[in-house]
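So that you can tell them apart, the chains are marked A, B, C and D in the order they are listed, and the count of residues begins at 1 in each.
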Amino acid sequence: MTTHSAVSLSGPGRLEAFSDGVLAIVITLLVLELKTPHLVAPDDAREALAALAALGPKFLSYLLSFVFVAIFWVNHHRFFRLVQRVDNGLLWLNILLLLALSFVPFPTSMIGEYPGNAVGLALFALVLMTAGLAFNLMWRHARSHQLYHAGVSPVAVAQATARGLVGPALYALAAVLAFVLPLAAWVLFGVIPLFYVLQRIGSAGK
Amino acid sequence: MTTHSAVSLSGPGRLEAFSDGVLAIVITLLVLELKTPHLVAPDDAREALAALAALGPKFLSYLLSFVFVAIFWVNHHRFFRLVQRVDNGLLWLNILLLLALSFVPFPTSMIGEYPGNAVGLALFALVLMTAGLAFNLMWRHARSHQLYHAGVSPVAVAQATARGLVGPALYALAAVLAFVLPLAAWVLFGVIPLFYVLQRIGSAGK
Amino acid sequence: MTTHSAVSLSGPGRLEAFSDGVLAIVITLLVLELKTPHLVAPDDAREALAALAALGPKFLSYLLSFVFVAIFWVNHHRFFRLVQRVDNGLLWLNILLLLALSFVPFPTSMIGEYPGNAVGLALFALVLMTAGLAFNLMWRHARSHQLYHAGVSPVAVAQATARGLVGPALYALAAVLAFVLPLAAWVLFGVIPLFYVLQRIGSAGK
Amino acid sequence: MTTHSAVSLSGPGRLEAFSDGVLAIVITLLVLELKTPHLVAPDDAREALAALAALGPKFLSYLLSFVFVAIFWVNHHRFFRLVQRVDNGLLWLNILLLLALSFVPFPTSMIGEYPGNAVGLALFALVLMTAGLAFNLMWRHARSHQLYHAGVSPVAVAQATARGLVGPALYALAAVLAFVLPLAAWVLFGVIPLFYVLQRIGSAGK
């Protein structure tokens, strides 16, 4: 259907809007994994508290996934502010990123249900690693195909692209840790976004 | 990834669109908590009516949450009409607001299922209180970081920010009431939006 | 929070975007009511066909609701093309419309599960009637508060507003028919959108 | 409600936004079909791996549907870049396309649950065929009603419209194959998007 020069998706507008939609839905669907616990005595506050406490890993996995997807959303927008033109390669790498992120609710549910199972934790880590790598490929593709705005510094882009591998490396580490010591994988999942968000807020005034 | 001055999210456009998406999804997902009741006699109108009547607390919790989220959506837009610039702090406070609001379906389901349980009611109140406080922090952050449009009156902003604490205070009261008299918490949940909406409609012509 | 004249929602842009989001979600969530049937012999085509045939009322209720919500979406946009300004009254009437339409999946599920039960059919009709009345109130409110564009003909608006009561009247009739002869209510549900869509396509060239 | 010349939906803006919303939701809802498997030994990695392996057809059907909907989304946008004006016919053909695509989660779930059942596979193929035909009717309608931009080449549009029948023909073939050899239908489902995506990426630089 490359019938006309106008057919190619030129600006990032629609791709951003579609990605926004997907990420907004992913981040909101996560709550559907949290089911109201069954109470024997409907009005018993103690039993309800105990039932909520038993859902601890589910709440934690919900919170983690929410924050991870939110970070991807923030980074996605920062990236597209640098991009002037979208070609087919970037379009499909972006769809790969959305595929990974829209799959997140499944491993989220697994680690919430089986917090001590290495396979669920490794799957959670690998899905985030895939998303991180897809995003990194977007940075690289945009550089090699000159998709950035004219004023964007090539050195800065190269630095950001290199830094973008830190996330996937940490997720790979978490996938390995899951099989050695599941708790360590959980701690790492908690530290990554905390580190990221604090760093962001720290640079807020700049 | 602060590679370039253009990287910072300057205008509120994308943040509003993403928030719109999340709130539209939250408000629409609420209906998934309402499951078709099981009928022994499929064509029996009397049994169906009785089954729907038994779902009363679920319908009520659905209606309450819908209206609360709608009010947050209206206020969110009013706020962003005053804002000229979004910095990292405001971005993450907004994500905190979305986290609280996208969690709403869980306590909504709890109070619908166990309308007399203090823990569910208190959780519902605390989630709304968290959303209200996150929103209030957004007002304060925008003031202290000069994010408002030039023409916005500082006195009016200060008054609105102070008024914005009434909601969280009422939610805190509801959380306490839940443990004393659950019905009083329900009444308070019903009165807050009614008061808000009527006040709004009353000022429609201004 | 009426701190500033710029606070009032002036144009219909954001309200339309939010309504679009809600209606897109409602129309897409409907499919979640359709559950894969259980098959005793997983590879048996005959059993699968019989199981799908047994889901007939569910498919039909899915199709009906999809078309009804789509018609509301089309009409919603036609309306907002005439509107220049949104005030608080119109904002909250629009939220009432969204409340009714986002509730549609519940009665859709009921009539799919219990196609012969008068209560489900009447509830389905009453929810659509409420949506139709909310929409009609929007037309009236916009007229009495001068929210239309300058070039919009008052006579044409008055005619459209009067015609807008035909839908709610037919839904009310369906609610009554449900208790007399459920099948007649189904037929009426099928005729209303067919009539509407054919009329629309007929006027496509104008 | 054709009260005013401004009532007709002129540009494709809102229709694209609404379609974006529906497709983003469909593509994200697919993950809800993937349920956490039940494990007897919560921490047993071997059992978890075996349980995930047993979900193989579900993962595959998820992946296929994601890619099919993504391709429709890409094509939808390419099409609307050629379109200057939307009339009622195009509007309702687009709604027919959305109806078919928003139904995709149901046959996706069926082929994931019963990968060897001809009926599920044929239904999956027929739903995609319907979407492909609706989309092809949109191309034809836009041509016969002069809805394209002035600069769009009629020959190129005619070629693209003819090429647009390849997809539906392949889906029809898959529906037939499903009853002869289910595995062949699966292979065909896998080959169609692979072929499409590779062709796209191959023409990325043009």
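We take it that contacts are C-beta pairs under 8 Å (C-beta built on N, C-alpha and C of every residue); 3 or more make two chains touch, one makes a residue touch a chain.
As the structure is a prediction and not an experimental result, all values here were calculated from the model.
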item	value
Touching chain A and also chain B, the following chains	none
Chain of greatest Cα-centre distance to chain A	C
Rotational angle, Cα trace of chain B fitted to chain D, multiple of 5°	180
Interface composition of copies chain C and chain D: same or different, split at half	different
Centroid distance [mean C-alpha coordinates] between chain D and chain B, Å	35
Distance between chain centroids, defined by C-alpha means - chain B, chain C (Å)	25
Junction residues of chain C, two or more chains touched	17, 21, 25, 29, 32
Chain C residues touching chain B - in the complex, by the definition given at the top	1-4, 6-7, 9, 14, 17-18, 21-22, 25-26, 29, 32, 87-89, 91-92, 95, 98-99, 102-103, 105-106, 109-110, 113-114, 116-120, 123, 145, 179, 182
Touch list for chain C against partner chain D, complex	16-17, 20-21, 23-25, 27-32, 34-36, 39, 42-45, 48-49, 52, 62-63, 66, 70, 73-75, 77-79, 81-82, 149, 151-153, 156-157, 159-160, 163-164, 197, 200-201, 203-206
